[in-house]
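Please find the structures below.
Next come two complexes built around chain A: one with chain B, the other with chain C.
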Partner chain A sequence: LSRIGDELYLEPTESGLSLRAVNSSRSAFASFLFAPLFFQLYEPGGAGPDTELFRCKVHMKSFLGVFRSLPSLEKSVGKCLILLKPRASRLVLQLHCKYGVTKTHNLAFQECERLQAVFDTQSCASRLCAPARVLAEAVVHFPLTLAEVTLGTGPGGKISLRNYVEDEAEPSKTMVTELWLAEDEFQSVAVAPGSHITFCLKEFRGLLGFAEASNLPLTIHFDEPGRPVVFTLDDTVLEVHLVLATLSDLNSNSQSPSTNGVSHLPVPSDDFADDLESYMAAMETSEGGSGGPPSPTF
Partner chain B sequence: GERYALSASLDNARHLSSLLRAVHFQDHATCFATASGLRVTVEDAKCIQANAFIQAEIFQEFSVQEESVMFRISLSVLLDCLTIFGTSSLPGTSTALRMCYRGYGYPLMLFLEEGGVVTVCKINTQEPEELLDFDFCSTKVVNKIILQSEGLREAFAELDMTSEVLQITMSPDKPYFRLSTFGNAGSAHLDYPRDSDLMEAFHCSQTQTNRYKISLLKPSTKALALSCKVSIRTDAQGFLSLQYMIRNEDGQICFVEYYCCPDENISEAEL
Partner chain C sequence: MRFRAKIVDLACVNHFSRIINTIARLAKTCILRLTVFKLYFILSDKVANGGASMWCELSQGNFFDEFQMEGVAAEHNEIYLELVPENLSRALKTAQNAKAVKIKLTNKHCPCLRVAVELPSLSSSNRIVTHDIPVGVIPRRMWNDFREPSVPDFDVSIYLPALKTMKSVVERMKNLSNFIVIEANLSGEMNLKIETDLVSVTTHFKDLGNPPWASEDGCQSSAQGRDLESMAEACIDIKKLQQLLAGQQVNPTKALCNIVRKRIVHFILLHEEVSLQYFIPAIA
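Right, the complex of A and B next:
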């Protein structure tokens, strides 16, 4: 959540505690819903059935400061108590540690409006589901500084990931990295053919890290360029949503994926894994960018 | 041979340098040597004083000609010299030290040897300045606890430095022993119950809450990191005494103590 925004929104609901964040440009939203069963004790409070449950936001840094070192937390903290005290204007985080030691943090909070992104995964034309590891291993090929990545569907049910290159970029000075994942790497693939979306990689990496650590499969719901992409993680006690804005397609292109003037590598044949030689030959004859034919770099 | 006012030999200079690092929060220190040993004092802002005690038994040879010897010296330079062969220690290697001081006006001579290589250092000494006397004796102690350092190390390392003060509450009733900070994110309280396994001794007769400037106490974290036990005492004025028991590589015991003036006296703890 700290990769998304500087403020942490806490919203206790009847279905659990929701932690949310949004970025400053409102192009990324994430929510983690912890079901009541996740906790030893869950009392969302509220004076009566009609009163709205209290919600607030705190500075992300302040909240993270309470849980500074994860390894030492695991060794020395037994329980964590979270109390929202509206009248005292304090969010209390109390850690019950080894040797009877208690650490109490009284954080100042701000009241806030309900933070909710508008999205509907049911209406998305395409859906992919893969173990987090598969996507993490794919994303590792892109530099950490890369802003946006394009996810696309290709022939033979293959899924591609390539770095997004802006129109203004000079073709001869641009490096394009593209990788293809076979359908069988995914747990499920239900995609509209020839579809593609471009979204921010940095915010996605944050969720990917969490998914990998919790060993949960990641589902990607997407539609046309310009409509948000929704990443979800599901568990018996946790529901995670990450909603990212995507770039709208300014020039509609029937070819897949949009090349923006930069030459792209041909889609490898189905027996690419067994036939490296023929693939290398295909590269040599592909349309090179200005600067000569690309040399095989295997 | 020449008569030195102070002459000492130490097989492992680390026994001295690690203790001096625990009080190194100012550039200059006052060295005071008697037949019992060496005391190195560092002060700041007329509010805080740290003393490192290295008793004569720690040294292989320790002799003081007069009743006492006292001089002011750059602690930064002294530490740089003591660790001239590097600070990382390979097992089995150590720097041997010989220290000589002829007396008033003379420099402190250090002879350091490691692996057959000898370095000679000459550090200028200055007129010693008057030191603070906190007049802290056991009869004036109001509250005292002894804690295992393990329980406090993380707490001190993670102190909220956006807080100007560290508030210490000691009481015969709850919360017994509490460390509090009031920083930008909000307040934080660390409570140690009197029956905690970490608590070696608990003698609190009166509820006291005192605040100390956090920037003055933060350097004591180094002493805490080296120590196995710490005694925390306050007197009627709220002056704080922290005494750290430090065991060196050879199992010998040395002490470091910190004295601090209260920032302001308040009668009620802020929640």
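Right, the complex of A and C next:
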């Protein structure tokens, strides 16, 4: 969550504690919903059925500071209590450690509106599900400084990841890297042919790191360029959503698949037999999208 | 003009990758010259490079399982390409576990070296990662700019000390000064010196040995008449020396330098399959 925004939104609900973050340009949103069963004790509060549950946001750095060193925390902390005191304007984080030591952190919070991204995974035309490891192995081929990546579909059910080169950058100077994954590397593939979306790699890497550590499969829901891409992780006690804005196709009619400098048009065959050659020559992409789809709203 | 090559041996891939990493540290942009038997990485001594120049030569047979090159013309069966070696280095980084690496010169929108890496995967088909590295094709009329530099008429030629030692000495000196003086004599002694307003530091090496250069027309034999103890020195940019030493990932079979006093230092690093020459001009 700290990879996305500087503020941590806490929203206790009947179905669990939701932790959320959004970035300053409102183009990335993430939420982690911990079910009541995740906790030893969960009391969302609220005096009666009509009372709205209290929401707040705190500085991400303050919150993270309490859990600074995970290895030493694992050794010394037995329990952690999170207590929201609206009247005292404090979020209390209390660590019950070994030898009777209790560390209490009082964080100042701000009341806030409900933070919710508008998205609907059901209405997405395409869906991919893969073990986090496969996606992590794919993403490792791109430099850490790369801003955006394009996820696309090709013939034979193959899925591609390609670094996105901005139009302003000189195509003759930028290296283009493309990776192809076979359909059977995924747990499920249900994609609209010829579809592609471009999104920011930084936040995605953050989620991938979490997914890999928790050994959870990652589902990617996407639609036309410009509509948000939604990444989800599911567990019995945890529901994770990461929603990222995608680049819209500004001139979809004039935009050929070779905008990024990598053409998929068949190459004239030369005398040398080459597996790669015929493989690339067999690929064709179709034009995707039309007009200007609405940009995601948060 | 065509170029296509393939490496299937992982050790060769990694070896080639290490060489490219070394080149990438020495030059932001350089020339790749392809001939039937050899590959050359060339950096010419333009002002933009700070006057340093490089000549690296390797036999393609030691690395590639397949190597097919057709030059610009039958009488000029070579290809000269300008590229950013860092791109090639990054592309090869993904090949650490590769089953095969294919390199091909393509010209879809602009000339590119396409590096295709076949990676093992648990699925039925392999994962393929392609990197399209933009290159510039150097026209034949400019090939003369990139001829092999001749060995300068040096004052002293001496084997270098263990590169690891030299590297750690130079790295520490780099924190204190921008320039370093290399001096050596024909008795196997070398000093590395820095001097600033506050401090001067000298590291002395001895018993290094001086390489025996064959006297072709007697010009090098003038060394016999020379004072064996007198030092020939040159003051050079310390960063360039540090980059050369830091880029060496494997110990060379032979490492030596030729010093032309106050003019230039010529480093020669020889490995079994690759030779690297690096020229650092002296600061006036």
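For the reader, a short list of remarks on this structure follows.
Basically, the second predicted complex is superposed on the first by the 253 of 298 C-alpha atoms of A that agree within 3 Å, B and C clash if a C-alpha of one lies under 4 Å from a C-alpha of the other, contacts with A are read in each partner's own complex, and residues count from 1 in each chain.
Rule of thumb we're sticking to: a residue touches a chain if its C-beta (ideal position, glycine included) is under 8 Å from a C-beta of that chain, and two chains touch if they have at least 3 such contacts.
Remember, predicted model here, so these are calculated numbers, not experimental data.
When the two complexes are overlaid on their common chain A, residue A:72 makes contact with chain B while staying clear of chain C.
In the superposition on chain A, A:105 contacts chain B only, with no contact to chain C.
By the touch criterion defined above, A:45 lies against neither chain B nor chain C after alignment on the C-alpha atoms of chain A. Number of chain A residues touched is higher for C, counting chain B against chain C.
In the superposed pair of complexes, A:59 makes contact with chain B only, with no contact to chain C. When the two complexes are overlaid on their common chain A, residue A:173 makes contact with chain C while staying clear of chain B. Contacts of A:181 after superposition on the shared chain: chain C is touched, whereas chain B is not. Overlap of the chain B and chain C interfaces on chain A comprises no residues.
On the side of chain A, the complex with chain B involves touching residues 59, 61-62, 65, 68-69, 72, 76, 90, 99-108. On the chain A side of its complex with chain C, the touching residues are 138, 140-141, 143, 171-182, 184-185, 258, 261-263, 267, 270, 272, 274, 276, 279. By the touch rule above, chain C contacts chain A in their complex via residues 2, 4, 68, 84, 87, 90-91, 94, 102, 104, 106, 108-110, 112, 116, 121-125, 127-134. Interface of chain B with chain A (complex): residues 151, 154, 158, 160, 184-193, 195-198, 271.
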